[in-house]
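Heads up, there are several structures right after this.
What follows is subunit A paired twice: with subunit B in the first complex and subunit C in the second.
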Partner chain A sequence: MALRMVLADAKIWKNIIESLTLLDEANFIASERGIELRAMDPSRVAMVDFFLPANAFEEYECSEVTRLGINLDEMIQIMRRSGSSDELIMELEGTTKLVMTFKGQNVRSFGISLLDLGESDYPAPTIDSKSKIKLTADALQQAVKDAEIIGDHIRIVTDENGLTLSASSETKDVKIYIEKDSDVIAEFNVREESSAMYSLSYLTEMTKAIKASELVMIAFSASMPIQLEFPIVAGGKLTYYLAPRIET
Partner chain B sequence: MSSVNLTLRPSPSEINRNLCQKCKGFRKLCGKSLCPILAKAKSIAEIQKTFSKTEFFGASPPGFFVGEYGYPKVSIGPLVPPLASQDTSIYDAEDLWIEKSMEEIIGYRTALVRGKAATSVKSAKDPGKILSLTQELVMSGKPIDTEMSFIKRPKLDIVFSPRTAPSGPSGILKSARITENPKVPKPVDKVVGDTDLKATGGILNLYDDKIPQRQITRLLSAGLFGVKKRRKLVPTTWSITAVDDILGKRYWKQILNKNWINDFQLYGHKALGNNVQILLYPSGWMFEALEYWRISPLGNPETDWETWKGRKKYADVICGAYYCTRLPVLEYLMKINRQSGAFVFMEVDRDWVPMGVWRFREIAKEALKHPPMKFDTMDNAFVELKKRLALPLERWLNVSKTYKIYRTQKTLEDFFPKDIQG
Partner chain C sequence: MNKITHNSNNIEKIAKDFTEGYCKKMLVIFGSCYAVFDGRIKSFLPSGDRHFIVKKDETLILHGSKGLKPLNWQLGGAGKIKFLVDEGKLVVKTFRPKTKESLEIIFEEVYESIIYDAHDSASLSIYGSESDLSNYLYDHPEIIDKDFQPTAREFETPFGFLDLRGVDKEGNIIVIEVKKRSASPADAQQLKRYVEYFAKVEKVKVRGILVAKSFPKKVMNVLNVNDLEAVEVPWQEIFPALSNEKPSITIDAFFKKD
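Our next item is the complex of A and B:
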């Protein structure tokens, strides 16, 4: 079994790993096409679907499909030790250890043991969303941050003219309106007015992917799961799914 | 010590619950059938007889107390009952008390004479005479004969605390010594001697080596864990909760990748005027501790909670009771190799005399030892739960945060059952 992946800029991997805080530990799967990960969080409310194609790497060698069970906290700690111009080399050593090497002014290698996490493979959910809007990740993150100081969930409403995000609690409320012609919107496609409510604690974790991408596509329908898709380097993507909250 | 949170202070409400009415036992105005002050005074009268002025001798269970008043300069010292060369371990063994009566427990505790010496918490790594002796004493796995010499005859002072068990008369120590060689369990010796091991690691190692939690708590309190230069004394109240928290956190991390339970399980036990009901339900890890003191019919239950993401802030509403009930629930889930959501309902009768949070830990443990009643829906579980709680269930659910999440938050499986279960 041979696996060797070289990224010219370690920061690419750092940003990806720092966007996976919804998960505690997870299986990356390396294959000929690239490296991917698909996993639900322990509450089964959210899912992460990540893919980085082989051509995003300087060098990419993978002789067979390989499952890499990773404790993400550990990997974040290691990635935070990367320098700004470091190259990152990830190599499998034996069958149970991943060696991560930062090559810059000197060469630093960290080894982490792989976990046996079982084979819980989920196919990506297929959703035919009625509202699809591509906007800057910053605009979404700012709205989430606004809502966070008000309540624990956010309502997202679309109509033909734009997008409204709002939150409220007993004593406070906030409303953010983004017109479809606004500069922060790149694509706007609303087939049907949609309204749904989502937990902010999950959205906060998801919008961390702003580090890996400037744009995000949000797709949802009334009271259905929302999909947040962040395009990343070389045609890769970081997609999140989040189940709605419902009023009772 | 970095991961041990040193600001585990009681909340104002925790302190209020601690107060007796001002009748000082005269008419039992507080409505309790047992006046804690009278009970204490009575047992102290017994001890006084065994006092020869300022000298005192007995077998420490072993027991030890670090006050929090005046932190970082605190008062420390051994707890010693007036019984020499006997097995006095029950005097400080809260894990054996839920079978006892409140009078008995107050009897044990107030028989413990507490020596006090003002000590800087930083002196743990370089202890003076009295601290050094006390550290030796808490390392002992068995009761140990101890001699205390006081500046003045120890005084009766009335201290009932919501977090810690009470103790008897106290006085300023002139000197103290132990009169036999302590028998130190090997794992304790090893961890205390390891000055490169962090406190958290020491606590986990000893727990895995079956050292009783009460001894681990005392060792932490006596500043015997951690990297040498960072060793510090930890007030007993904080130490109790820090150990509950550290032990619980490890299990929390471990259960997150386990399967959910697939039914609704109700556990419960009552003892010492305290009722603990635990409801486990199919969900990712969520925990909520709800507490209701039956002092005022108008009062509402109070709550602290966490989701599978855990807590970053100290649970400053429920305080010690939060961490000491979370631990047995997590430990139980580890045992059955599952994760779940959990409600812990705690009801405290008027008759309870504040003697520490240990009873919630022990009652919860006892509850989880017995097979649960199982239900196929939350509503069916609620029907039984209603019968077991004095306060109407609606009042609990109104304040519950995780119940709201449970009711309103859909899962992805609700939408893509086939896709996701593959």
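Our next item is the complex of A and C:
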């Protein structure tokens, strides 16, 4: 079993790992296609679907499909030790250890034990989203930050003219309106007016992925999960799904 | 609703059925057990009769015969739970890889075990109203006063319904008005009317207590002048679930059905 992955810029992997804060631990699956991950958060309200293709790597060698059970807290700590111009080499040592090497002015190697997390292969949720909007990740993050100081949930409403995000509590409320012709919108496709509500604490975690991406695609329908798809600059994508909040 | 029940005679079968039902059904045991917890702290729970529950999301709860809080618990998703048989006893083992913590519950005897095929998609929508708070205080009178013994809720008077009524150990009547919010002078006035009413009708000493989240100074003045008492009850701590409500549907509800 041979697995060797080299990224020219360690920051790419750092941003990805820092975007996975909804998960405590996860099974990455390396295959000749690239490396991927699909996992639900412990409360099963959200799902992360990540893929980084082999061609995003400087060097990529994977002789057979390999499951890498990772404690993400441990990996974040290691990735935070990466330097700005470091190259990252990840190699499997034996079958239970992953060695992560930062190559810059010097060479630093961290080893982490792999966890046996069992096989947990989930399908992606099936959603026929009536609204799909591509906008700058920053615009979404700002809206989420605005809503966060107001309430626990955000309502997202689309119609033919634009997108409205709003939140309210007993004493405060906020409304953010983004017109479809706005500069922050790259694509606007609303087949049917949609309105749904989502938990802000999850969206806050999800919009952390902003460092890995410039644009985000939001897709949702009334009372259905929202899908946030962040293309990764180096290639591949990071997708989150979040179950809606039931309105009574 | 489908359910399977076992008695203590067949531990092997319980372990097998629990393993099969794990994460799909609700697993419940009444039995005598002891437990060992090893992690950031170490603890040993001696043998006793317990109510053990594993929910469909892997949440584990071990309740004793008294009290609100479980003796031990583990949140869903924290670690896998295994059901084994060791020397003829049912052993429940959990391991949380993140913190390397383990919990082992050893059942010396299983009085009854039940596997429920439980379905529940509803969420609690009304929770923590003023009357919920009154009911809670009725069940936990020591929060108000260690001598307070409640005798009635929603007691009708000509001035409206009194939230709680009871006695203290001297035999005085205690009347209580419960507010979730901060107290207002009107609340103090209302309490004063109740006290005067009962003093007149029952011809005994009546103590009036206003329960509220907080007491502004001017309300305290009204209470003091009228010889009424104030008890601060932080209802948010009694009903914590209100502030961090979670969405009630999980994402797997949207997976394509085979």
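Convention: the second predicted complex is superposed on the first by the 246 of 248 C-alpha atoms of A that agree within 3 Å, B and C clash if a C-alpha of one lies under 4 Å from a C-alpha of the other, contacts with A are read in each partner's own complex, and residues count from 1 in each chain.
Quick note on the criterion: a residue touches a chain if its C-beta (ideal position, glycine included) is under 8 Å from a C-beta of that chain, and two chains touch if they have at least 3 such contacts.
Small disclaimer: the values here were computed from a predicted structure and weren't measured.
Once the two complexes are overlaid through subunit A, subunit B and subunit C clash, as defined at the top of the document. When the shared chain is aligned, subunit B comes close enough to touch A:121, but subunit C does not.
Within the superposed three-chain model, A:196 lies out of touch with both subunit B and subunit C [touch as defined at top].
In the superposed model, A:218 lies in contact with neither subunit B nor subunit C.
None of the stretches 3-11, 183-191, 219-227 or 237-245 of subunit C clash with subunit B in the superposition except 237-245. Comparing the two complexes, residues 24-25, 40-47, 117, 122-126, 199, 201, 224-225, 241, 243-246, 248 of subunit A contact subunit B in one case and subunit C in the other. Partner subunit C is touched in their complex by these residues of subunit A: 24-25, 40-47, 71, 73, 115, 117-118, 122-127, 152, 198-199, 201, 224-225, 241-246, 248. Residues 24-25, 40-47, 117, 121-126, 199, 201, 224-225, 241, 243-248 of subunit A are the ones that touch subunit B when the two sit in their complex.
Note for the complex: subunit B touches subunit A at residues 253, 256-257, 283-286, 307-309, 339, 405, 407-416, 419-420, 422.
Against subunit A, in their complex, subunit C makes its touches with residues 57, 75-78, 80, 97-98, 123, 125, 243-256.
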